[in-house]
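Worksheet: the structure to be examined is printed underneath.
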């Protein structure tokens, strides 16, 4: 409270538990920043900022693996193509990244969040007494046409699935995470394989959703964490593009003119 | 080359060295993604994506310290306030982060980039035969009013300076980095202290700029790396705000109406 | 089709009915741009680009009135505050506008779109045989807690309601628009007034939603048109702020530090 | 000033001359909004919000012609392609527009602003005693490689040039605008035609820059006004794309994989 804010209402309007500043003092989640520098890994820092406590090394490692796995999927992803075009338009790298990150919406960046919710629903049904296969069947039947986190338009098998699930399995065995979301996810995968003509294996969104949920992150942060992860690929592509020196890069070579719809 | 792209011109328009996708295959900078998951830290992954090779552990640690140090500076920073307001407007976390990251422009996120260029200029003058104090004096005299990376409106001493520079010094001693940008930065600091009534110590932008430059990142990536780092704080504040349940949060309490300019 | 796109698949990927370019030729919705310059008003141009035909003057006038009415609601609106802060961060006006427009999401910019859908639902129920009061009652009862387009946190009566509805009424009388959405909107307003302790009159989102729907724009374009309209206020505030010369403007005066949440 | 803001410092932090809100009251540039609705055209409203007064009809018409002329240049423009891809990613139209508008940076949206400055410089030199051809020659020689506002990669002659300049000429004849920037722009065009092997005629950025400058808008608003204008095309393309129902549209047909850079 100050002379110009005697009731503290203005300071309170921006109150936060994330950080505290005073002249010469920076505390992040109650910890002096100088205690964090050089002692704390980047994924632990992400955990700290989002949750208020520090993870143990196994938790941090699992989070890190998920973040590493999703950094990039090439310029056919709209976000990456957008970053590259934006970088040629005379804006800073910050704005190239922003235009791209902005498109990690419900379709392009939301499958992880949707998958956590989907698995949460199955586990709630199980906790309420349903057996797992029945809960899975009902969830798939009542859910959207494409089960979020399963199947891939491009990859018959997503090469990121096995190493990520392997790390979760090992973490379950060692008591690092409970294993319920893994169990539910594998049950969904088994159900989809039995039901259709061909398997619909878990994809990167499903595998990372399981990790985030096993670590206790709520569903919206599955999208939030994907944003942090994919920002790395976005920046890398934007930077590569700026080094080519193009100006105002369009989506296709300049000699090809868009066709005309009636 | 395919039937619809017989010359390869279309594939070539989006050519990239960052990643390669084929059905079942994801390579990042030439490395299969499954080899990176669980073996590679997040800061090493950032290095790999931006540069194409993997850092050694000391390099990765120095990069990580700089990224950790700059994650947040509270809601008085416009980017953080923007993230919090955006998060109450009915958009996803991706868009809240985007609106905020977008404002890490020349003033709010560009000091690191400017500081690298400033120190580069001093070192080039030195390499051309000037002695360092003379090169510093000329650079400060000809440079902008505020030397980028030095002084802070809020902190008399930035608590992040000492631990970051300590890590650089130790890396120099161990031959991890050459030490030239550190030397130039300290010379600027000494010159500013001798010249004015009060010291103008290095701030977070200066200290991280030295780290990025010592590690060989070009100037624009000082801003790019800051974007990745600050995205973490931005996400943390946006997420905290969403949990309060406010809608369309304005900048000041609702009972205070903006004054009228003539 | 060209040598590098022999099947036309690449040109077809970007096919559009909105515009056609050839060297020396620019056609917008099939009309040479030179025929539009100096003959066509801005609101007619908006109509043309979104729908493919030109409005008659009465339609264009009604659209223009709605666009004019919603240009601004001051810096307590998060979008406006964001534009002003962004403009001090060292980015171009384009990026200041972008960070702001981006926040016209479901809560901040979506009420018009939601109101069109809400009124559409009532009119569909009526078309299916319900009488209007019953359709209204059911829609309100089953709808969200706050009926989109009705009531205002700040204005007891929104001063934009009467002139906008007056223009619609006159257009209905002259056969310019059918009048169904107006009828439904007034029925909702009457129902809300009769039901509660105090009237909940239509607000700007409701009144403009009626205009857009009466003119035949589908619901999502109610948001789209609001984006165009509010961009004007956003730009005006961003520009005013840049002329003050502040750098990195935070949300509250610098001497007030955000309070600390536990 | 209120109980929680006794000094008025908080209200003053957000002071503005653009708009004033009180319960039941909305004033835009000092005019009650209800007086503007139905009486004021959209381009007059843009002028009012940016400058504080209303234009006369000829001024408003000239502004409107410039705004109409620049609404769109098809999906080869990065901003339009970005809007279309963003619209398939599961974000609102507001965010699709934002990602696109954000890229109207120095290269993609800044030529008008740069052209105003360029012509301002020539006119200042003339005012200081130089004759116009000499001032033009010096400005071109000392300026950037491509004179902003002149020449077009795609159109040998920009079909928007003649109708726009025709309107300016007529406005000069009638004393609506002074004609200095037109004079300077034509002198640049003549100089470029005489100097090279082929003419480099004025393009849309040059012609609209002349209009904005003749009407008294400062250089940065040439970009700001372009943002408003191009937002219309951006919205039209984003909306058209959403109606196709694609999800996560990449920049090229899905069967074409980006080539690999070494």
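All chains are identified by letter, namely A, B, C and D, in their written order; residue positions are counted from 1 within each chain.
Note that in this section a contact is a pair of C-beta atoms (placed from the backbone, for glycine too) under 8 Å apart; a residue touches a chain by one contact, two chains touch by 3 or more.
Computed from a predicted model, the values in this text were never measured in an experiment.
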Please report how far chain B has to rotate so that its Cα atoms sit on those of chain C, a copy of the same sequence, as a value between 0 and 180° in steps of 5.
180
So, comparing C-alpha centroids, which chain is the farthest one from chain A?
D
Between the Cα centroids of chain B and chain C the separation in whole angstrom comes to 37
Which integer distance in Å separates the CA centroid of chain B from that of chain D?
31
Using Cα averages as centroids, what's the distance between chain C and chain D in whole Å?
21
Mind pulling the residue numbers of chain A that touch at least two other chains?
4-5, 9-10, 13-14, 16-17, 20-21, 74-76, 81, 91-92, 94-95, 98-99, 102-106, 109-110, 154, 240, 251-253, 256-258, 261
Chain C-facing residues of chain B, complex
3-7, 9-10, 74-79, 81-82, 85-86, 88-91, 95, 98-100, 102-110, 153-154, 240, 247-252, 254, 257-258, 261
Going by the contact rule at the top, pick out the chain B residues touching chain D in the complex.
2, 4-5, 8, 10-17, 20-22, 91-92, 94-95, 98-99, 102, 251-253, 255-262
Which residues of chain C touch chain D once you look at their complex with the stated criterion?
9-10, 13-14, 16-21, 23-26, 28, 32-34, 36-38, 40-43, 45-46, 49-50, 61, 64-65, 67-69, 71-76, 81, 84, 92-95, 97-99, 101-106, 109-110, 154-157, 159-160, 162-164, 166-167, 220-221, 223-224, 227-228, 231-233, 235-240, 242, 252-253, 256
